[in-house]
Each structure stands twice: as structure tokens, then as C-alpha cells.
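The structure under discussion appears below in the form of C-alpha cells.
Chain naming follows the written order as A, B, C and D, and within any one chain the residues start at number 1.
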């Protein structure tokens, strides 16, 4: 499945928003990661950490004005590599929908309310595969069927508001996979769904990745989703990756205090009753600029003056290999809550899907979505 | 197709003109010289559309402007003057007692439908009017008949007066004799009223059974009055079309007219109610003439090359005192004081059109009966103040009314006139409380004596002083609160005197009396202005606003 | 020398806190806890639209309030009446003693404009109060009835709304013309006519806002806590629904001034010439547009600029209060 | 869908019924009363009283109202006092002119307003946006009659490009089939009439369009801005669709929904706005007739016209509601 060079190599991606009269905001600040075919890579963090902006930057969907995108994102195509970030809009449009696809968070608002589902599916087939008329309709029905929508011919004629939430998300996924893209980005695809539906959708995504060999970039704040789906995980904080590791390593041995905090805020079935959860203090607004030091410092229980001496570099974790983090004194957390980290190690491995619901409730303070 | 006067676009405004880019292309090709060719229609704008093609049914001036071109009356006023002259009757005589009127009709006159004009035709018209029944007898449908000739052969309503008309006889082919029950000074002027235009007997026969439908207040006139094609008169123009959705009446030259043929082959009357819009339409070349020019527009129009001929004066504007509503005004000294307080000359100088003058009595000097010896009231605020003090009315308060939204021929800008008067009155210590009514309400309010003082006026229908002073001072009225039986008796006597000379002398006496009683202060007599495009030879303008457009032509 | 030396740890911690506080200084949390209005105000302070609008409105209101102090002459006295001859096209333009020249009866145009501002403001304010008052009463009743529900509530809402529909079916200008024609021209007529025409707008706006507030969770919560229905309507829903209505009031001030001018043009304006009002002045001066255009231009500019001021302010308020546009 | 239409139509009945009462009561109470309008200035008090009796104005209100309703039911709105012709006839002879004028104004407003609003939204903050928003604010804040005046001074008087008054040049002959000048002229291929009718519509059309244009620009801009921020537009972009497809199918189709409602309401109010515009341009339509009817206290005409205009307004809004529900499947489902 995976080949020698990654499908997508994101290098030092940065996104700066400039507004007249306001200070420039670095929403994404030098993020690097790679995506492999047939693998799921997670981008995890609280809202506002830059994960959605990252995905939009890769898709070329950020507004033209007031935004500066830096770095590179090399996508391997049959006819050579391209840098997604420097492609012309015209070229990007050809790739979007055919090579790159995206699934959004809120299926209701992501579907055009006044256009029938069928039309919304066939328009992509017509655009990228030149299918028209009856053939497009048939293909669309097949697609809906493949993503698990019963009675697809009827659904094609219906409008988004006539479908259930899960059905809508399936329809969105059908659109995303319509042209068998090499790369799919799913931005919180399950956040707006019921727990049971969430599990089904995740399973569907997993299957699609396995069957098609698509690379999936999974963007979520939900560690349950990460645990159940992702092969590699990047934890983002304030626009930078603060920790990166394969799933098992991350859960087994989280090194950055923020990751530890995230894991600590998940209620677990195996924890003794009455044990308090340990949420991360404050909110994502309470940070400082990376140039001044570690952005997480104001919320960190273990910061030192060293944390305020410029941005910490991304370093290899103690475990080595693919595990890196961005912390000047990573030990503190490991020492503090060893048993919790150990708990996390076993937890997600066999994380049953229903658990994600509980995790979701724990994370409701993150309700602003993309602001 | 529209034609434009070719003035150069102003460069400053051109910048703002981008919106009309569409139109530029056309402007050049559509532009054509106007004038010269008499087949080009002459377009005249009036303030309102006509209401009927048969003028008998109306009292509305806009309709009469049309009907005077199409129908002729037995008598008429001399072109551009106020003298009564022969119309369809070449000459006429009245019996000693003024009850028998013999008309010697013009020979060789034909109606637009080819019918001969003769005495039979005249009597057919009068008999038709006299014998009207049903809704035709409603005051709304036969106003002028009732004012001049009283009632009908069979009055169907007790409110209708006794008929003054007795008979019309065609004693000869071209001699018609009209008998009335008693003389009144409304004659012979009444025979010149446009409402009594003579219509073809064939048409009368044709429309004999046409009915006015609907209920009072909701009358619908017969179809022939609403669509051109039926009515036929003897005038220099015949009406060929009345386009009601465009408020446009089209008149064509009647080639077999007995007199001088009309100067225009086609004349079009169009309604433009707004006074500014009329001026702009003339300036833009959309029309070639319009009536009721605002005095302020006269100078600019003339400066731009338009013609604004001065009409003779045939009206009066006055400021009325209601002696009963405000008892202070019952005091002659107060009335005189207020008369001295008002600077009438300034009103004439600054507001009224050129040719206006301060009025010394209740009708203009163009009418017989005008007296040079009436008491006059010069502008003298100090005297006014002293007189008020003498009368013990230093703290006088009056409610002063004036009408809104209206331009009357005698009163072009009521609000400005009121403004000046009110400032003058305040200057001598009078407190003025302004009240306004819309024109339609203003008349009944002032008639009922609701206002202490108010502005009103009158334009004459024909040349007889009684048509002015008789309107106000022939009987007790609430409009002035005047209860002077002596005056009323003298008025009645004068009016029924068939001897013209004696009558005129009596009118002079009356005018002197009235100005001593001072029931109101005559302010001014002023000519309503009319405007024409530079390339038009205008008709003689009439003090009675009875222009004969047949006289006009392209230069 | 300090008697109690600070423990090193504490010192270090204090330094840390200071440094952090310093770093976070500019990012201090100003949004939390502030009311919607405070937030809106702070947003408006940054909007050039709002500042322009507010500046115009403030200047206008100041002129209106201080009019008698500013106007150098009486707006009524025809002091220079012997210098102006409108019937001969003789007008007096701006000069040292009369900054805006004289009007057609020899009155000081500048003084008339200044005093006119006061009359114009009066018309706008009273008309708005009429529209707001009656409209809010109707809309509030219907809204409260709809939110409280029940058979009676729904019926009351229905009846009131049918009435509002009726008024709405009469286009505003026609409504104003009819009202003005009904009670005859006066300053009061203009204010009432313009105000009445705004009633259905206010009523619908308030009702709509109340119904949408009625569906909010906090109302449900209040209900769940056993708060009386009437109390919910009056103390929770109504105050929270006033935002759009207040914005509308600002916009209505502009509309009222313009509509008043239209009524004056149609001859239904204030008939008393001794109280100059811009709409009446404009309608009056149109006669002289070809000979003395400035007579019309001053009041026209006055109306346009003032209406623009109120509109800008209203629009800025709307944007500031609109959660959808808060970005 | 059918039920929706039926229900909405039934809702009109109480509205129009109430309106007729309101109107009737209002107009009955207008000061002066029709007897003043009917008679010449110097008619006597007795003549006026007689007329009042003849008109039935001395009868109780309810009697008068019922008689009024009965007549309406028979399609009889009475005769105009100004012209003596049936009110209904007056209305229909003038309706085509006002209809053509309103449609011209709406066409200008829509065809300029929507693209302008769209571009302003697309280039938010640009000079174009500033000009569009500023211009539309200015348009709303300028009294229509003054604007009309300026238009006339510039384009008719000074430049002489366009006629300043009327619906057609005087003396122009045309074949009348339906009363609609342009329609008739196109049917009969009288191209000079088409052109003449067209140039006469431009200035009054522009003046009348000023307010709807301003509203539509701002509405479109706001609506497009809102839709541009919607997720489904991002979805459409993410599908790599052509910008044209995204613009028409996804952005405009949704952004137009509130604009459609506004267009409906504005179209209705144009009939009233025509009162000002038509009287400035001597355009012989409903508006100028209503204007003179108020001046002349033409009771039957005023009652009839306002009732007909209101009915038209209500019907237009019904049509808008129905078309809205066709455009927006979410409303249809309810």
C-alpha cells in the first residue's frame, strides 16, 4: 500500500491572516507532516489551533485576500509532483474533487439546501469525469448505495433537509469519493452526528481508505476518533505541531504536557468512580506568541522560565523514531501522571466506538466550531 | 418621435450623464428642426385632462379650452379682449325689456359632420338643453345652464330654480329668437359661455337616447362624450381623438371652416398637472406652449427665448374680513387700519406676474362700472397702528386662512402672498394665526365664515361687473358676515336694469359704496401667464383665458 | 534591606507571572462578560461608517438644539423683502451678512436652514416615536401573545397580525398620503402620517424578534425554572428583542425626514410658513430651481446629509448587533 | 403545495375585507366631502346640502358601507368625480402605463442591482464595494421627487437627450390592442412606437428605480456575503466546480431567496412610489391619477384605486410567497 515517497509532503506550512487595522494572526505556524496512501493521519487539537486552516490551505480554499500561505505541500501525481500551495486556481480546481476531496464537519450546512442531492452528486461527476444525464444519475445512485444510503434513486431527488444527519454525511462522503481521489481530508466529519451514527461513519471512512488506498487526513479534536481510526497523529497547538507520533506511541507515551492534558480530559470506563477528570486549564485564547516562548506556557502546570525563551524546537522524543515533540521539559508530565498515561495506553487500543460519545460530551466547551 | 431644441450639452453636467448612455445614440437621429411645416403637431399643455367632449356637462376650464376650438357659441369675446362680439351670430339685438334676444346667424357655416348650420340647429341645441331630464338635471351635469337659464321645462327636483329660458324660435333660416322670462345682467354674457357650444343637429338626434348612468356623485356620462367620432361643432378644429390613457386630445384643422383656417394642421392638448413639469417640458421641447406659468418662471423663460405674452387683466384677488366671526372686524376703523397695514404694492412688485396692479375695488378696471372715485387705502403702517390704537384694538388677534396646493389665475403663490401680508400685519402689532385648507375644503370653509380673514379671488366669465360684485354682495352671506340690506337691494336693482348705461352708472355707485363699507380689501388684479415656444406665432392672448388657437401658427 | 527576604521559589514564580502577564497584556480578555451592547459599541467605535454617521447626527442634533443661538436673524422676518423680486428673477445670493443669501421673500436663508434643522428633527423624532410607540405596542402584544401561546394567545396574535397585514398592504407612501389627506395639512399631519406608515414595520420587526427569542434555550430554561409566563415575556424576551427595533428607529428617523419632504411636495406638508422645515423648504423652492437653484439645493443637501447620517448610524448599529456579521 | 396556495389565498380575504372597511371609513370622513368637489366654487350651501342627500351621504355609515360592498361585488367601483368615467375603467386605462413604468424601474433595479450587489460582496472593501454601498445609501436618502427633478434638468433640459414628460410623443399614432404600449407596438411591429415608448420610460424609470435599486444592491450584497460564508459554497469549491457553476447554482441561487421577497415587496410599493414619479414626469398612469384624486377629493376614485392597488400589492406578495416556496424546498415542505 504505502510506497517509498509519501503521497503528500507538507513542509513548514504557515498561514497568516492579515486584517486591516488589526495585527496579523499566524493561524498555522510552520506545520510539517506527510500522508501515505492507505493510511489515516490525524490532526488533533482544540478549535483555534489551526487544524482546519491547515486543511483549507491544502485544498486552496482560503480566501485570496488578507491571507498569506507559506511553505510547501508536494502532492505526488502520476505525472509528477505538484506543490499544492503554489498551483494556479485553475489547476487546483481540476485537482479538487478528483485528486483531493474534502468532507466537512456539518453535513446540513455543507449541502446546498435548494439543490437536490442527486444534482449535487452528479455535478462533480460531470465536472471531473464528464458523465452526463442518465449515466451520471446511475453512477450517483451507485455511489449513494456504496456509502450505505438505502433507496438511492429516491434520495437523489430529495433535498438535504429531507435526509437524516447521518444520511447527509454519507451523501457528502459519496461526493468526496465520487472520483476516487488519492487524498481525502475529513474535517471533524462526525462532530455533528449522533454517537451511533459517528461509529458507522468512521467505519465507512476506514473501509474506503482500505479499499481504495486513499490517503486520509483526519482532522478532529476528538481523541476517541483518533484512537479508533488514525495511523499517525499530529497534535497541534496554536498553529504548531507540538507532538507527532504513531497512534500507539502517542497513547502509550505522550510527552508534551498538552497531549497529556488532552488525554487527561477523557473520562474512562476503567477509571475509579468519583475520580475527577483533569481538564486542561483555560482556553486556547490564553496563549502567547510562539516567538515569545512556548505558546502553551500560560496553561501549563509545569512551565519554567526556559519555556519563555523563544519557541521550543521540535525534538525527538525519548522513545525516538517517529515520535517528536516540542517541549523544553517534557518529563514533568510523565512523572506527574504515569498511571494515567499508562491507562491511556490500553484504553484506545480497544476503544469501543460508543465511548466516543462520552468523549464528545467532555469536549463540549469546544462548541464554537470553526470561528 | 420627439423633437428637441438643439442646445449645447453643458460640459459640467455631461459627467453626470453616463446613466443615459443608451439614449445618446438616438438623440442625434431623432433630432429634427421644428417649425415651418404646418403639418407638425402643435402641443399645448394644460393642468388637467378634459372631462367630456360635450362641454355642456361641465364647468371645468380645461374642457372649455378644448371645446372653444371645436364648438362655437352664439356670441363670443373679441379675440384678445373682453368685448362681447358676434360668434355664430353675426349680430344680435335685445328687446327693450331685455327678454327677447334675436340672433342673426352667420351664413355658410357647416358642422364638422357636413350638416348645415342654421336657426333650426341653434334651437335644436337650446331645446335639447331645456328639455333635459333625469340625471341631466343634476347640478353637476348642467351647472352653467342652471346658473344662466335657471331650470328645465320640467324640473324634477325642488332644489332646481325656476326656468328663465322660455323658448327658442327659428323665425327665419338664419334668425333665431330666444325668449327669457325676465332680464338679468347675465345676458348677453351668458350666450358666450363655452358650455353652450352649438353642436350639429344630426349628432343631437343620434345621441338623443343616450343616458347618463349611475347615481348622483357616481355619474357616468354617455359614451359619445368619452370617445371622439360623434361630436361635431363648427369650430376651426375638429376633434379626432381623445386618448384618455395619455390624457391627450388631438384636434385636426377643419378645412371647411367659415373663417380663417387654423394655422396648425394638428393641435394636441396634453395634461401636465405639475407647474414645474410643464415648464421643464417646454424647455425640453416636449411641448410648444402651456398655461398658468409661475410668475418666477416668466423671466427665465423669456431669457431662454420663449414667448410669454402678457394677457389682459380680468380678475381680482382680495383679502376678506369676516365681520361676525371676529367682532373686532365688525369695526370699520379696524378694517380700514388693516387695509392701511398691508403693502399691496410689494405683493404686486415681487410676487405677481408683470402687468399686475394693485386693485382699488372688487373688479379690474377693464370692466364697465369701474369707478375712479372709490376711497383708497394707502400703505401706511404708522397710520394703521394709530387707527388700531384709536379703536382700542392694539392686541388684535386674527385667524388668517389661505389655500394650499393651488394656483389660481388671480393668485399664483398663495403661500407667498400670505407670508407677506402676515408679516405686514404682525408689523403693526396684529397677531396672525395661520390656518390652511386644501382648495376643495377652503371654499366651503371660507364660505361658511370659518375664517376671520382669508384670501380669495375671482376670474370673470364675461364682461359685466355684476359677474364680479354680484357674486359676493347680492345678498347676506357668511363669507363676509355682511348684512347690509340697503346694499343688496341696490345690487338687485342694478342687475335687472336692461339699460346698459344706467346699469354701468349704478355699478360705479355700488363700487364706491362697497369700498366705503370695506367688506374686504381688494389686493390686486393680475394676468395669468401663458408661454409658447420660440418658433410659434402665438394666438391673441385673452384676459378671459379664452385663446383661439386657430390664430396661432409656426413661424 | 527587606526584613523578610523572599523565598527564591516565590521570587521565581512572581517573575514568571509578571512576564506572562506582560506577554498576555494586549490579549487581555475583553469580550467575556461584556453585554452585547457594550460589544456592539466597541465594534462601532472602529467602524468608519458608524463614526461618520454619528458625527453627522451629532452635528445635526446640536444645530437643531442650539438653533436659536446659531441663527443670526429671524427666520420669519422679511427683513430684506425689498431686495428680492422672484417674479423678475432677482434673487440675492450669499453675501457677508447673509451667508446663504436670501430666500424668495427676503428672509435670511442661513437662519431658515438652522431653524429648519430643528423643525426637521422634530418631525423625524415625533414620527419615529409614533411609529415606534404604536408599532411596538401592536408588535409586542402580538409577539407576547404568540410566545405565550394558548388558544387566546394565538388568536390575539392572529387578529393583530391581520391588522398589520392590512396596513402593510397599503404601501407606505399611499398610507401617508391617505392619512395626510384625512386630517388636513399641518405639521402634526406630517408627523402622524409618516409615523403611522412606519407602524407595520415596527410591529412586524418586534413580533418577529420576540418569536425568535421565544424559541431560545434561555426561555425554555426560565420556563423550566417555573418563571411566570408574563414575567418571561416582559423581563426576558422583550428586552432581548429590542435590538432590531432600536436599529429600525434610527433608520426611521432618516425615512421620516425624506417622507416628510415627499408629503410636502405633494402639498400635504406643514402649511405654516413661519416654521421653516427642510422638506417644505425644498418643495417650495423647486419652483425657483431654474432661477435660484441654491434655494432648493441647501434644503436638499440638508435632507440628504442628515438622512445619510442616520442611515449610516443605523446600518452600523445593525451590523454591530448582527451576530451573523460579527467577524 | 396546493394547500399552501389555498391557505395563503384564503388569508387574503380578511385582509382585504378589513382594508375595505378601513378605507371606506377613512374616505367617508375626509374633510370637505365629495359635495365640495362636485360643485363649482360658487355653489350655494343649499346646493351642497341637496347633493349630500342625493349622494346618500346623510345615511348611517353601515348602510353606506353595505351599499359600497354590494357595488364592489358587482365590479362597480363607482365613477370618478374628476372625469365622470367608471373608476374601474380609469384604473385599467392607466394601469398599463404604470405597469410598464414599474416593470422598467424593476428591470433597471434588478439588472443593475443584483450584479452590482454581487460584485460588491465579492470584492468586499474595494472601491467598487464602497461606491455601490455609498451610492445606494445616497439613493435611499435622496427624496425621489428631487432626484427626478435633477434627472430632468440634466438629461432633458440641458442635454436634450431624453424627453422630460409623457408616455409617448404627442401625435404619435399607434395601434391600441391591449393598452400596453410596448407590447402592442411589438405585436404590430411599429418599431418607431417601441423606440418612442422606450425613451419615454428611461427617466421616470430611473427615478422610480432609485429606491428599489438601492435596496436590492444592499440586500444582494448582504445576502451574497452571507452565502459566501456558508459551508455549502466551500463544499462546492472543494468539489473543484467551475467558478461559474458555483456562482450560479450555489451562491446566487441561495443568495437570491431573500432578494426575491424584497423584489416582490418593492414591486408592490412601486405602484405607490409612482404617485411621486408620475406627477413629476406627467406620466399618465395610476400614480398621477391618485395624486390628482387626492387634490380633487375624488372619493370614489381614491377608494377604488387604493383598494385596487392594495389588492394588487397583496396578490403580488402571494405570488412572491408561492415563487419563494418553489425556489426554497424547505418552505415547500412545511
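Following the convention adopted for this analysis, a contact is a pair of C-beta atoms (placed from the backbone, for glycine too) under 8 Å apart; a residue touches a chain by one contact, two chains touch by 3 or more.
Computed from a predicted model, the values in this text were never measured in an experiment.
At the far end from chain A, in terms of centres built from Cα atoms, lies B. Compare each chain's C-alpha centroid with the centroid of every protein C-alpha atom shown, and the nearest one belongs to D.
Here the CA centre of chain A is 88 Å from the CA centre of chain B. Remark: chain A and chain C have CA centroids separated by 48 Å (rounded to whole angstrom).
Taking each chain's centre as the mean of its C-alpha atoms, chain C lies 26 Å from chain D. Separating the centre of chain B from that of chain D, both taken as means of CA atoms, is a distance of 36 Å. Multi-chain contact residues, meaning those touching two or more other chains, occur in chain D at positions 31, 149, 153, 279, 291, 295. Residue positions of chain A touching 2 or more other chains: there are none. Each of residues 181, 184, 267, 286, 289-290 in chain C touches at least two other chains. Touching chain B in their complex are the following residues of chain C: 76-78, 81-82, 84-89, 104-105, 181, 184-186, 267, 271-274, 284, 286-291. Across the complex, chain A meets chain D through its residues 20, 56, 59, 61, 92-98, 101-102, 104-106, 109-115, 119, 123-124, 127-128, 159, 161-162, 172, 175. Listing the residues of chain D that touch chain A in their complex gives 125, 230-232, 234-243, 245, 249-250, 253-254, 257, 327-330, 333. Against chain C, in their complex, chain B makes its touches with residues 275-276, 279, 283, 294-300, 303, 346, 349-354, 402, 404-405, 413, 415-416, 418-420, 422-423, 434-438, 441.
Chain D meets chain B in the complex at residues 31-32, 34-43, 45-48, 50-51, 54-56, 78-79, 81-86, 93-94, 96-97, 149, 152-172, 179, 192, 195-196, 199-200, 202, 206, 279-282, 284, 288, 291-292, 295-297, 299-300.
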